[in-house]
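Two complexes come next, and they have one chain in common, subunit A, joined by subunit B in the first and subunit C in the second.
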Partner chain A sequence: MDTSEDILQQPAPDLVRGSETARPAKAARLSPSFISWLQAGPMMLVFLAFFLIPLVFVVIVSFWDYNEYQLLPAFSGRGYTDTFEGCIAQLPDLCTIAKTYLKTLKLCFLVWAITLFIGFWVAYFLAFHVKSKTWQMGLSLLCTIPFWTSNVIRMIAWIPLLGRNGLVNSGLMKTGLIGQPIEWLLFSEFSVVLALVHLFTFFMVVPIFNSMIRIDKSLIEAAYDAGATGFQTLVNVIIPLAKPGIVIGSIFVITIVMGDFITIGVMGGQQIAAAGKIIETRVNALQFPAAAANAVILLVITFLIITMMSRIVDIKKEL
Partner chain B sequence: MTETTRKTGVSRRTLLKSTAGLAGLAAGSGAITGFPYVMSAEPKVLRYLGTAVNEGDDISKQCLKDTGIKIEYITATTDDVTKRVMTQPNSFDVLDTEYFSLKKIVPSGNILALDAKKIKEFDNITPVFTKGETPGGKKIGGQGTAPWKVLYLEGKDSKTFSKTATEFVTLIPTVYNADTLGIRPDIIKRPISSWAELLNPEFKGKASILNIPSIGIMDAAMVVEATGKYKYADKGNMTKEEIDLTMKVMTEAKKAGQFRAFWKDFNESVNLMASGETVIQSMWSPAVTKVRSMGIACTFQPLKEGYRSWASGFCVSKGVSGPKLDWAYEFVNWFLSGYAGAYLNRQGYYSAVLSTAKANMEPYEWAYWMEGKAAEKDIKAPDGSLLEKAGSVRDGGSYEDRMGGVACWNAVMDENDYMVRKWNEFIAA
Partner chain C sequence: MKEGRPRSFYVLAIFFAAYVLFLYGPMIAIYVLSFQGPQGGLTFPMNGVSTFWLAKLFQGTGIVDLGAAFRRSLLLGVIVMAVTVVLSVAAGMAFRRKFKAQSILFYSAIASLIVPSIITSLGISLEFRIIDDLIKAHWNENFETSMGLLTSGLGAHLTWTLPFGLLIMFAIFNRFDPRLEEAARDLGATPWQAFRHVVLPIILPSVIGIGLFGFTLSWDELARSSQAIGAVNTLPLDLQGLTTTVTNPDIYALGTIISAVSFAVITLALGTIHMLNKRQAAKGSDAGKGLV
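And then the complex of A and B:
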């Protein structure tokens, strides 16, 4: 919330120009801060009604009790204690929730690292090597292709490709590279990471591209003139200036992957635990308080990660 | 979540036309006879919440034709149906759900028991539901939430299941079946006769079980018992120790790489089997039929330990009253009158009233589906597509053999909460 307000209050060049042209005509008496509030207002109300209030409900319900068929509005920590069941008793073995989060974090880290690597270079190519605006637009639209089909179809389509009798396996067998089909191509962590990277690289490309396109080209020329190598320019000029994009892209990818259970479920053959999956099972068993407790835990952990990331880069300032 | 409201039967345009026609007719007849007859102009609409099993377009079309009742399907998964009954009891009129969910639904007070006296064919309902035996007198296994345990309530607004027959029926039975493992005989190439084969290392990385806890746990229990590791007092109502033991066996198998994948949805199970990713897995009858209709060999294998059965039926939302309640009775009576029963039988399910379904089927169809005889002619699905060539025999044989071989029913246990947690642990292992 406050980021968007700050943006509006700061004299960002575009906004000032916009309000100056509007001012003499109508809004001469409205103070600038009131206009800012007016502009931020609708989004704020939407956030309040559809995000903050439901979130408060989730937190409240997470402390309720429940039975087979209803919520019991009495204070109870059962949702939480059940979730952490066996965490101390089973030491040194990990309990379900710890295992699940470790697995989710591992997948999340892998997907983040790979999408960042691929996304960075795709954005770099788009920003510095593609000269025409039209081509830049066209090529970045190509990145949205994975979103053209529904989740389910996309998942099912992997089977003929990666399956035991799929295209990749039969191709490799024909060339004689392998004697037996490779089993870990599908329904494994590999396939989960592959599908997630395939889906979410786009969320890295766009913000990084957006940061890169705003880098003043004369800075790069200056670096070149000062005798910097390509690599030095990349590390000392481009990456620092693209940081806000990198952080925003990372936030997108991490929050989506932390909460995902459909892709992990389908590509992992329902055999890989995910934080979101626990919530789904609980909701399906009508154990809403336990589901809410798990949602709160997931939220807190994701929030911690995001906080750490924004420690590295002050997004507010950078924008 | 995966919920769509399908408006089937008639398109909006034809509905508009016909209602306009009806209104015109009503107005016309009113003008002639002097009757201000409003009722006939009001369309009879029932919102029908259920899983896709019973929700055929042909059924709703025929129903509209026979009774004038327009059925609006609300399709959801089994879990979502229960969730909806709990949270939005006013969003549907007629509920089509499974007996095992009654343990959750009845105590919530969100449904209305139906009056057996108003159900014309009630006395002709198969004894599978009322007595727990087949028409031929074979005793059916009652472990789990068997329908006869939860069929009656003690009183109209009672929340207690009655042990003896009363006139207050929780769910009027409609459809049921006996499930077992599906196999790929062309790949396995040897006879399979026990649930224990699911954990046979021979099928390492080629087995699957379904990931719906209340059904999956029953399949798991059948497997554990078949391996001789443990004999349950009641598979459908395990103690915490029994749940631990069951999940331990399954977890060890999972860690050893026995399972290729778990499935959650009908189409997933079809894909796994058809693509050869799995060769043995828990399966539902129409999924086996679908794999076979793709030209791939697939058998719904009868096993010596018996079948895991399920059953569903109709009740109405507590919000339904007045003429709507009458339509609901009219609809349920129509459903049991034969057309729908024959339709379900032709899909490989079983209908609750056998006599009326039989009257609506060809003798050769009845012989194939119900008597376990070799098909005299090609067997066709309700939509006319070819299911089986003449000469083939149904997997598992006759109704008597299949329903008589049921060992347990889908269940909600007393320790359901604990079981769900353990199931999550199994997935995370």
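And then the complex of A and C:
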């Protein structure tokens, strides 16, 4: 850089209108890549310190030894052998960890199927049936606001409805449909699935809506003009084009449910075992290596599911 | 397309309305129930109407030191909000150019979003435990812990809010017209001036959106706090603790108060965004008005 250029690149006092000498100013002396580092560096540091390094520690500690009250930093496979205890000895019966994961996958599948169904049609309605932008904004906001409020509150909100003396039971009793209260409404797998659907359908709606809103409306019109029925248009035009949103939403919902321990705890009356709950239980018992080993197993399984799903769609391109 | 509404519109409109009812119905039920009479229980019917349970919370006669937890959560929420806004806007600006480590940052953010919270939380708690052990072994035997609200707790919350902030920034710059900034530079603005006087005012409504996400996600955060918050509890953790023991409507009252803060923040943020958008529409462009 020569001196005359340097002078031109002095900070201008204010926006100078119609200046004859103004040329496209570049960053004074800092190179663009240095500025990028300054801008992105702090966020990278946060992820490094509070996400990437902690993950490394989880893996390391999962191979440490432990006794009743402390961590012993010496290599040991005990975290894993304790976790898989009886898995071979008890065959053909399933061991605890296998049963727990099967149960978690079952919950996961149920919640995924229901949130996908609801999320798809809610997004479809918002994207294709609500024509005015203002209404679209308003209704989307209506779906988003609960996401900004507390999950625990949205869980306990089901208690007055589903409890033994709750609205549902007393309503059904009054109409004479049932003679005594239904017990499985609350603190059961049913209430866990219900609460998970209630909490996390939002994660399905948003990406699917984003995919749908980008679909060129003339494609749908073309399909209609070419004689396609509404169902054919849905299957052959809309669903393939909304697929990225469906996959991203599915990844969100599946990973949340796989690792969930709070909803399953609160809505299951602390009685239902799940992948995330094992980790919590182990931590509460101060068995950190065992907790870490379970975290590694959960991480691997979650990662496998995501890899399978992202085969279907390039996530980075879609965001 | 056909004139008038197709039948599918009405079917889906009813479906949508049912979904909204499903979303809000239960919440409204507990807001109502927190005004139970003193003899009222956990379910309907209402046994009189009173502010007995809400008042009881404020007297702090019960179960948890609500005031302290409230202040802690508020402090943490505000700090998380500020840090999320600043780091997200900065990183969002960086992503407008190519830079090394771009995809590392991107995938870290996505991974941080979808790796189950309990794992992140456990990892942070292990990290801080190991740091504590190191300090105790080498420097200070009486050292208590480096874990706390504004160390491990803050970090845990940021791993949850920053990915949202970054994704919102992507959405903003996807539809941002870079010519506006170029024009500013052509007129002699420094990069900082171009950012301060051109870019920031345009993206400000969405930046407030990032703040809204930052605060509310932290205010209600539970899973990541659970292992990483240290000795003290945040408000949601206290609330969760109560779910297993409480048989009185005071749990609803607590829920109502937490929600009231959420709704106040949401209203404030949305109101500001609306006002800024209106101002932008009114004053944003002097195109067609000749030289001024």
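In this text, the second predicted complex is superposed on the first by the 259 of 319 C-alpha atoms of A that agree within 3 Å, B and C clash if a C-alpha of one lies under 4 Å from a C-alpha of the other, contacts with A are read in each partner's own complex, and residues count from 1 in each chain.
Note that a contact is a pair of C-beta atoms (placed from the backbone, for glycine too) under 8 Å apart; a residue touches a chain by one contact, two chains touch by 3 or more.
Source: prediction; values computed, not measured.
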Partner chain(s) touched by A:L219 [first = subunit B, second = subunit C, both, neither]: neither
First (subunit B), second (subunit C), both or neither touched by A:E183: first
Which superposed partner A:L286 touches (first subunit B, second subunit C, both, neither): first
Which superposed partner A:Q271 touches (first subunit B, second subunit C, both, neither): first
First, second, both or neither for A:T96, with subunit B first and subunit C second: first
Touched partner set for A:I156, first subunit B, second subunit C, both or neither: both
Touched partner set for A:V235, first subunit B, second subunit C, both or neither: neither
Subunit C versus subunit B, contacts on subunit A by residue: C
Subunit B versus subunit C as contact partner of A:F261, first or second or both or neither: second
Contacts of A:D82 with subunit B and subunit C, given as first, second, both or neither: first
Intersection of the subunit A residues that touch subunit B with those that touch subunit C: 156, 159-160, 163, 165-166, 266, 270, 283
Partner subunit A, residues of subunit C touching it in the complex: 1, 5-6, 8-9, 12-13, 15-16, 19-20, 22-27, 29-30, 33, 41-44, 86-88, 90-91, 93-95, 97, 99-106, 108-112, 114-120, 122-127, 129-130, 133, 152, 155-156, 158-159, 162, 166-167, 170, 182, 184-193, 197, 212-213, 216-217, 219-220, 222-223, 226-227, 236, 239-240, 243-244, 251-252, 255, 258-259, 262-263, 265-266, 270
Subunit A to subunit B touching residues, read off their complex: 68-70, 82, 85, 96, 99-100, 103, 156, 159-160, 163-166, 183, 186-187, 265-266, 268-273, 277-278, 281-287
Subunit C-touching residues of subunit A, taken from the complex the two chains share: 11-12, 14-19, 22, 24-25, 27-28, 32-33, 35-40, 42-44, 46-55, 57-58, 61, 71, 118, 121-122, 124-126, 129, 139, 141-143, 145-146, 148-161, 163, 165-167, 170, 198, 201, 221, 224, 230, 251-252, 255-256, 258-262, 266, 270, 276, 279-280, 283, 288, 291-292, 295, 298-299, 302, 306, 315-316, 319
For the subunit B and subunit A complex, residues of the former touching the latter: 79-80, 82-83, 86, 103-105, 107-108, 205, 208, 211, 213, 254, 259-264, 267-268, 271, 275-277, 412, 416-417, 420-421, 423-425, 427-429
